[in-house]
Amino acid sequence: VERSSATYEGFRGAGVRLRERLLPELGRLAGERTRPFLYALHAFDKAHAVMLVEEGLLPAEVGAELLQGLRSMEQEGVEEVRMRHGGALHSGEQFLIRTLGEDVGGRLHLGRSSGDLSSVGINIAQRDRLLVLTAAVNELRRVLLELAETHTGTVLPGYTFGQVAQPMTFAHLLLSWASTLERDFDRLHGCYRRVNVSAAGCVIMVGTDFPLNRERTAELLGFDRVHENAADAILELTTDDMTDAASAVAVLYHSLAKWADDLILWSTREVDFVVVPDRFCSTSSVMPQKRNVVGLAEVKGGAAEALGCVVTTFDALRGPTGLAINERHYALELLWRVCDSCLRDLGWLSELLPALQVRAERMHEVAAQEWASATDLAGALVRARDLPWRTAHQVVAVLIRLCEERGLGPNDVTPELLDEAARRYGREGVQLEIEAIQAALDPVRFVQARTLRGGPAATESQRQRELLHVQLLRDEETLGSAVERVASSAARLEQAIDAILASAA
Amino acid sequence: VERSSATYEGFRGAGVRLRERLLPELGRLAGERTRPFLYALHAFDKAHAVMLVEEGLLPAEVGAELLQGLRSMEQEGVEEVRMRHGGALHSGEQFLIRTLGEDVGGRLHLGRSSGDLSSVGINIAQRDRLLVLTAAVNELRRVLLELAETHTGTVLPGYTFGQVAQPMTFAHLLLSWASTLERDFDRLHGCYRRVNVSAAGCVIMVGTDFPLNRERTAELLGFDRVHENAADAILELTTDDMTDAASAVAVLYHSLAKWADDLILWSTREVDFVVVPDRFCSTSSVMPQKRNVVGLAEVKGGAAEALGCVVTTFDALRGPTGLAINERHYALELLWRVCDSCLRDLGWLSELLPALQVRAERMHEVAAQEWASATDLAGALVRARDLPWRTAHQVVAVLIRLCEERGLGPNDVTPELLDEAARRYGREGVQLEIEAIQAALDPVRFVQARTLRGGPAATESQRQRELLHVQLLRDEETLGSAVERVASSAARLEQAIDAILASAA
Amino acid sequence: VERSSATYEGFRGAGVRLRERLLPELGRLAGERTRPFLYALHAFDKAHAVMLVEEGLLPAEVGAELLQGLRSMEQEGVEEVRMRHGGALHSGEQFLIRTLGEDVGGRLHLGRSSGDLSSVGINIAQRDRLLVLTAAVNELRRVLLELAETHTGTVLPGYTFGQVAQPMTFAHLLLSWASTLERDFDRLHGCYRRVNVSAAGCVIMVGTDFPLNRERTAELLGFDRVHENAADAILELTTDDMTDAASAVAVLYHSLAKWADDLILWSTREVDFVVVPDRFCSTSSVMPQKRNVVGLAEVKGGAAEALGCVVTTFDALRGPTGLAINERHYALELLWRVCDSCLRDLGWLSELLPALQVRAERMHEVAAQEWASATDLAGALVRARDLPWRTAHQVVAVLIRLCEERGLGPNDVTPELLDEAARRYGREGVQLEIEAIQAALDPVRFVQARTLRGGPAATESQRQRELLHVQLLRDEETLGSAVERVASSAARLEQAIDAILASAA
Amino acid sequence: VERSSATYEGFRGAGVRLRERLLPELGRLAGERTRPFLYALHAFDKAHAVMLVEEGLLPAEVGAELLQGLRSMEQEGVEEVRMRHGGALHSGEQFLIRTLGEDVGGRLHLGRSSGDLSSVGINIAQRDRLLVLTAAVNELRRVLLELAETHTGTVLPGYTFGQVAQPMTFAHLLLSWASTLERDFDRLHGCYRRVNVSAAGCVIMVGTDFPLNRERTAELLGFDRVHENAADAILELTTDDMTDAASAVAVLYHSLAKWADDLILWSTREVDFVVVPDRFCSTSSVMPQKRNVVGLAEVKGGAAEALGCVVTTFDALRGPTGLAINERHYALELLWRVCDSCLRDLGWLSELLPALQVRAERMHEVAAQEWASATDLAGALVRARDLPWRTAHQVVAVLIRLCEERGLGPNDVTPELLDEAARRYGREGVQLEIEAIQAALDPVRFVQARTLRGGPAATESQRQRELLHVQLLRDEETLGSAVERVASSAARLEQAIDAILASAA
C-alpha cells in the first residue's frame, strides 16, 4: 500500500488498526472540543520538541524542522491552521506529517500520548481562565472597598425572611460582600494551585520508558511543578479536578446572583433603594413605563447555568476509573461557558456598583418607619428599668401589635402607649420618657451605637475595610506572581526554540 | 393578663406579637431541626452566660442560677430535656424561664439573637463533623499507603474508555487514590478553617450595643477566631458557607464512588481481579450462585445523594440577601446525612481494602493477553530500527489487526508477522528478533522499565509513597491540633462555670 | 449441621452460600429501607400465597397455615412484627419459617424473587402516595376556583422582571395557578398509570417456569394490569420509572414554590398586598416588630429538596442495566420525603389562601400610581389619532421619562404634557382630552376592557373558571375510580383468604 | 428632534424612555438568543399581520406592504436579514420600519408584546424539536422490534448488581428497551400537546383591548388550540412548561445512556458480547491495540448534560411570578443543545444496533459457565423431591459454595455432590439424576421453559413484539397527524398572504 504523507489522515485512518473511517460527526466533535485549548496544545508541541532535542531523544536538525514547522503555523493563526488540519489533540502532528512527511513529522509524538496532551491542554486552558477570573474577583473587591468608604453613613434596613430586620449601613453590607469574595479568591486560587501541575510525560497513567525530562517541559509551559504520580496526573480530570473547579465557580456565582437579586429587588418601585444605570436596563415593546434591570437578570441566569454545570460534571464523570473520557467534554464546554459568563458578570458588577444611584433618603425612611430599631427600645427598657431582656422584648412586641391594630407608626409611640403594652404583658408601667423612646427608635443612633467588633458603626467599618484591603493587596501580589511566572515561561520557551534553530542553522 | 412562667410558651406565644398560635407542625419542625446541634446550643448558652457575668452584664448570682440550671439539664441528657421543652434555638431559655421564672431565665438572651444562635450552633456541629470526616480521610490514606507497600509487584492493566490500556501495578493505582485524598483533606480542612469562626455577638448582622466580649465567647466554644463583619457572620450560611461544604463533601464522595465502581467491576466473574470479603456481600433469594457486592453499592448511592445535596443547597439558598432562612434546613439535613454516610463509607473502605483478596495471576493474565504492552513493541521498533514513532505505532496497529483477524494473541507474534504488517504499511520488513518482541510484550518488564518520575516501577512507587506519607503525618498533626483546641475549650468553659458558681456560693 | 427454624437467620445466613455474616449496618439498612412499604410486602405475601393455592402450586392446608400466620402479624401490627424479624423484603418468610418451620414457611417464596418483591412493594407504595398527592392537588384546584370567584374585581398589577407590568385581577392570577395544577394532575396521574402495573411473577427479569397466575395476583393487589415484559417490569425502576416520578413531583413543587415566593414578597411591608394568617408566621427573639412568613419558606425549601431528589435519582441509577440496585434507595428515601413535604404544602396552601387577608386598596394603589395602564394611553393615541402603534408607544415613553424627571405621576399628566412628549418625539401635538387620558390610565377600566378570550375581565374569568371546574370534576372522578379500585382489591384479597381458610378448616 | 426611520434603533433607543444606550453585549445576547426561533417569529409576524387585516384592524394596503416586506426577507434568508437588523424579538418590526418607515412598519405590533412574541416563538421552536425527537424515538423502536425478531434464540445472562443473574435472550432485552421507549413517546408527545397551544394575543398576561382573532392566528401557526388564560399562557414558560420538557428529555436520555453503558461494557474484551462497528470507534495515539467505543461515550455525556439542563432550568426559573425572564434563556439554550444531541444519539443507536456484531457463543458460554440457571436446579428439587423452595435454594447455595471452594463448575456437578450439599444443610440426600441436573443447568432449556406471560421464551417474545408493534403503528399515526397539521397551517398562511396581496394589488 502506497501512503502519501501529504494526505495523511491521522493514526486512526481506515485500514490501519480499524477498517472503517470514523463517523464524520465524531471527528468534527473531536476537533471542535480542542478549539479552546489549541493554543495550549501548540505550546506543548513546541515544549515537547525542545525537550526531546535537549535530552538527545531527537536529532537537533529534525527538532529544528519540527519547531520551524510549528512556528510557521503562527503566521496564519494557530487555531485556523490546526482546525484546517482537523483540529483535535494531534493537529500539530497531523500538520507536520502532511507538510514535512512522516519521517520528520512522525517523530514529534515520542513519549507522549493523547492522555498527557489532553491533560496538559485542558490544565493550561483552565489555569489561564482561573487567572483572569481571580483578577476580576480582586477588581470587584477593590470596587467594593472603595464604595464602602463613601457609604459608612448610608443607613438602610437589613432584611431576614424578606422582612425589615435591623438598621445597618450600605458600607457594612458592601464589606460583607468583600469578605465573601476574599474567600472566593482563596477557593479559586486553590483550584489554580491544584490545576497548574504538569502531566506532561505521564502518558497513559504510567509515563514512558523513554528518558524524558519532565521538569523541563513543565518549566517551559509555566507549570508550578510536575505530578508525582502519573496515574493521578491523568485521572485527576475525572476524579476531583473538574468537580472541584466547577464547584468553586458555582459557589462564587451563587453569591453574585444573590447580590443581583438584591439589586433587582431594590430597583423595584415598591422598594426603590437604588437606580441601576440605564445601560443595564431595557424597556418594553408595549408598556412604556417599563425599566427592566436586565443586566442583573443575566447574572442570575449564569449562576443557574453554573449549578447545572456542577451536576453535569459530577454525573458525566461517574463510573469506574478511566471509563469516562469523552463524557467529560460535555462538562468542560459548560465549565468554560460558565467561566466566561462569570467573568462578564464580575466586570458588570464592577462597572455597575459605582454607577448606582443610591437613594439614601428612601433607605432611611424604610428603616425609620418600619420599626427596624425596635430592638433598642427593648434594650432601653433593660437599661432604664432593669427588665429582663425577654420581658422587655415582649413588652415592645405587645406595643407593636397595638400600634399595628391602631394604625400607628414608630413616631406615634408615647410613654402611655408603652405603659399600656407593659400592663398587658402583666407588668407595671415602665414609664420611659418620650426622648428615650424616640432615641431608641432612631436608626442613625442605632447604627452609631454598634461599635462592637463586627458592627456597622463608621469607625468599625473603617477598621474592617483596612483589614480587607491588606488582604486584597496580599492576594493581588499572589496573583501577580502567578501571572508573571506564566508569562516568563512563554518567553523561555521561545528562547529555547531560538537556540535550537540557531544551532541547527 | 396573668402569665405564669411555668407555662411559658416562648416569645412567640399567641397574644404577644401575634394573635394565633403557630401551626403545630411548624413548631415540630423547628424543634427537630435543632436536634443535631442542641449540644452546641447548650454550650453557647453556657458560654454566653459566663461571658455576660464576666463582663458585668449579668449579676454573678443570676448568672450562677442560669448556669446551675443549664448544668441540671445534663444529668438527664441535654437533648432529651431540651426536646421536652420544644427543642429549637431557644430551648435553653425556655427551660430556664419555666424552671427559674422569667426574671431569671429571661436574662439569658441579652445581646444575642436567633441569628447568632443558629450560626454558632450550626457552625459547631459542622466543624465537629468535619473533624471526624477528615480523620477518616486520613485513616484511609494510611490504609492505602500500607497496602501499596505490599503491591508494588502486583501487575494489572490500566483502563481507558473501559478498554485495557497499559500495564501498571496495584500499588501505583493505590498511590493515585492516596494523592486524591491528600487534596480532599486540603479541601475539607479549608472548610473547617472557614467554618470554625465565631458569629457569637453578631446578632442579626449588626451586633449589639451591649458591650459583649466576643473574643471570650469564641474562646470558650473552641472557635479559632471571631468574624470581623457581623453581616458576613450571619449571612455566610446562605452565601458561600454551606455551598462550599456540600461541594467539598461531594467531591470526596465522587472519588469514593469511582473506586467502589472499580471494585464492583473487578468483582464480576468476567473481570475477576478481586474478591470482596463476604461480610460486604449479599446473595439472592432465588439465584443461589449470587454474590452481590452490596456494601460498595451503598458508597455509590451515598455519592448520588451528595450531589443531590449540592443542588438542594444552592437552590434552597437562592434569592435576595436574608430571604432564605428556613429553606436552608432542607439543605442542612441532607448535608449531615451525607456526612454521616460518607464517614461510614470511608470506614468501610478502610476495612475492606486490606481484607480484599487480590487475584494477581488473573490481573497479570489480562495484562499479558490483551496487548496491554503493545506500546513498547512500537517503542522497540523506534529504538532498534530508528522508525519515527508514528510509523512504528502504525505498523504495530496493522499487526494487531492482522492478529485479530486471524485469531492470534500476543504470544503468537513472530518476526515474519511483524514484517508483513510493516510491508502492509508500506515499509520494508523491520526484522525484529523474537526475543525482542517477547520482551516488549511482557507486562512485568513494561512496568519495571517505567522508572521515570511518576511511573509505576517499584522504586518510584516507594519514593511516591514516602512523599505521601510525609504529608499525611503533617496533616494528622494539623488535625490533631484542631481536635485538641476544641477539647481544651470545653474544659475551659467548665472551669469558668465552676469559678462563677464558686464565687456566687 | 443441625439448623433450627426458630433461629432461622434468613437465606443469606453465614455458612450457606457465604462464610461471613453480613455487616450488621448493611442488615439494618436493608430493614429500614423497607419500612415504608412493609404493608405492601405484606399484601403481596398474602396475595401470592392465595394465588399459589388457587393454582394448585401449594396444598390448601399449607396455604392456610401461611395465611393464618400472616394474618397473625396484623394483631400486633405488621410493621412492628416485621421489623422485629429484621424487616426487609423477606420479613414475611422469615417470620413464617421461625414460627411455622421451614417445611411450611419455606414454601411461601415459590416463583418469586427479591426482584418482584421490591418492584411490587415500591410500586404499591408509590402508587398510594400518588393517589393522596393528586387528591391534594385537586383540593387546591378547588380552593383556587372558589377564591377566584370572589376576586374577579380585585385589581392588582402583574409583574415582569420584578417590575410593575399591566393591571390584572387576583382572580385572573388564581385561574392561571389552577391551570398549572390541571397539568400537574395530568402529569402525576400519568405517573400513577405507569406505576400501577404488576411486576408480580416477573422474578428476576424473566419470570419463572412455575405456572403462576400473574393476572390473579395483580387483581388482588389493585394493579390495573400486568407488565407484558418481565425485564421491563423489573428494570423500569432504574430506567424511567423513578426519574419520571421524581421529575413530575419537582415540576409541581416548582410552581408551589413560585407562588410561595409571590406571597412572601407580597407580605413585605414594601409591597403589602396580603397578610398571611398569624399561624403561618413567626416573630424574632430580638426584633419585636418581626412577622416572618415561615410557613411559606418551608414550601420553597421543599421544592429545593425536590430538585436535589431529581438529581440524586438520575445520578444514583446511572450505569449499565441491572447495576444500580441498592443505590436507588437513596433516591427513594428522598422521593418519599419530598412527596410527604409536598402533600403538607398542598394542604397548607389550601388552608392559607382562603384565610389570606387581601389588601385590595393597596393593590389598586400600586396599579394606579406606577403607570401599569400606560399601554392603554398609547392605545388611546392609536384609536383617537390613528398613530402607528410604535409611534404612540414611543410618545408615551417620552412622556413617562419627562414625568420621572419632574417628579410627576399618572394623575399629573395633562394634554399639554402629552403634546410636549409628542413633539419631542418629532410629532405634532396629539391633543388628547384630559378625560381620555385619565380613562386610559385607570386600571379598573383597563381590566374591564380586556374581554378578549384569555383576558382578565370578570365575564371572561367566569368563563375560564367554569372550564377549569368541568375538568376538575372529570379529574376527581378519574381519581375516585382509582381509589375505589385499590380499596375493592383489598377487600377481594381478604375474601380470598377467608375462602381458603374456610375450605382448609 | 428629527428621527429618520432608516436608522431606527428600536423602541429602546436612547433618548426615548431611557437616556443611555443598552450595553452592546446585552443587545448581542438578545439577538443571539432568538436565532433558533427567528423562523418562528417570522411566521408569527406574518400571521399577525394577516389577522389584523382580516379583522379590519389594519388597512389592507398597509397590511400588504408589511407582508410584502416580510416576504422580501425570505429571498436572502430570514435568519440572515433579521440578524443584520439586530436579531431579537422585534427584528421584523425593525426591518419594516427601516425599510418602509415608521408610519407603515410601526403598525405591525398592534395588540402584541414581547410576551407573546417570545412565547409563540419558543413554543413553535420547541414543538418542532419535539416532533423530530419523537420521530427518532419511533424509528429506534422500529429498529429494536426488527432486531428482536432475529434474536429470540440468542441466549445471554441477565445481570443484577453487575453479577450474572439468570439467562434471557437478547430479544427479550431489546423488547424491554422498546417498552421503555413506548413510554418515552407518551411523555414527549404529552409535552408536545402541552406546548402546541397558542399564546398569540395574550400580550403581557392580560391580552389586549384590540379585538384580535386569536383563533385565526393560532390556526395560521399550526397550534392545536389557544390558551384559555392569558396569564397562564405567558407564565407557563416559567412555571411548568420548560421544567416539564427538560425532564422528559432527561428521562429518555437516561435510558439511552444506560444502554450505551451496556454496550460499552459488553464491548470490553473481558465481557466480549458484542463488537461495535468500527466507525463508532477510535484507537489510541500510543496504544495500537486500542479500540475505544467513543460513539457510545457521547451518549453518556449527552445524558449528563441533560441532567444539568434540568437543574439549570428549575434553578433559573426560581423566584416570584414574572421575575425570571432573561434567566430562562440559559435554560433554553441548554435544552435545545440537549435536544440536538439526543436526536443525534437516537440516530446513532438506530444505525449502530442493527450493525452490531453479536457474539452469541460467548453469551451462551457465560450463561452456561457462571451458574446463571442455578435457580432451576433448586426448582428441580422442589418438583422432584417436594422440597420447600427455601430448602431447595439453600441446598443449591451450599452446593455452589462447595464448587467454588473446589474449583468446580456447573458441568462438574454430580448427584453425589448435590447430596453432600443437602446433607451439609441438614437434609437427607436428594438423589437427583445427572440428566435432571444437567437439564436444569442448561440455559437454553431455562429460557425455553419461561413461557409465562412476560417471559423470554420465543413464542412469548413474539407475542410481546406484536403488542409493541401495534402501539408503534398507533403512535406513528398520531405523530404523522401532528406533522401534517403543522405543514398544512404553513400552506394556509401563505394562501392568506397571497389573498391579501392580491386584493391590495
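Per-chain numbering from 1; labels A, B, C and D assigned in written order.
Basically, a residue touches a chain if its C-beta (ideal position, glycine included) is under 8 Å from a C-beta of that chain, and two chains touch if they have at least 3 such contacts.
Keep in mind it's a predicted model, so treat the numbers as computed, not measured.
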{"item": "Shared interface partners, meaning chains that touch chain A and chain B", "value": "C, D"}
{"item": "Turning angle required so that chain A lies on chain D, C-alpha fit (0 to 180°, nearest 5)", "value": "180"}
{"item": "Whole-Å separation of chain centres (CA-atom averages), chain B against chain C", "value": "33"}
{"item": "Between chain C and chain D, centroid-to-centroid distance (C-alpha), Å", "value": "23"}
{"item": "Between chain A and chain C, centroid-to-centroid distance (C-alpha), Å", "value": "36"}
{"item": "Multi-partner residues of chain C (at least 2 other chains)", "value": "11, 16-19, 109, 160-162, 165-166, 203-204, 261, 264-265, 283-288, 290-292, 294, 297, 307, 310-311, 314-315, 318-319, 323, 325-326, 375, 393-394, 397, 400"}
{"item": "Chain contact topology (line, ring, star, complete or other)", "value": "complete"}
{"item": "Of all residues in chain B, those that touch chain A in their complex", "value": "1-3, 11, 16-19, 93, 97, 102-110, 115, 158-162, 165-168, 172-173, 175-176, 179-180, 183-184, 186-187, 190, 194, 201-212, 214-215, 226-233, 235-236, 238-240, 243-244, 247-248, 250-252, 254-255, 257-259, 261-262, 264-265, 307, 310-311, 314-315, 317-323, 325-326, 375-376, 379, 382, 388-391, 393-394, 397-398, 400-401, 424-426, 446-447, 449-456, 464, 467"}
{"item": "Contact footprint of chain A on chain C as seen in their complex", "value": "160-166, 264-265, 267-271, 283-294, 297, 311, 314-315, 318-319, 366, 370-372, 374-375, 377-378, 393-394, 396-397, 399-400"}
{"item": "Residue ranges of chain B touching chain C (in the complex, touch as defined)", "value": "11-12, 14, 16-23, 25-26, 29, 89-90, 109, 112-114, 117, 203-204, 261, 264, 277-288, 290-292, 294-295, 297-298, 300-305, 307-313, 315-316, 318-319, 323-331, 334, 344, 348"}
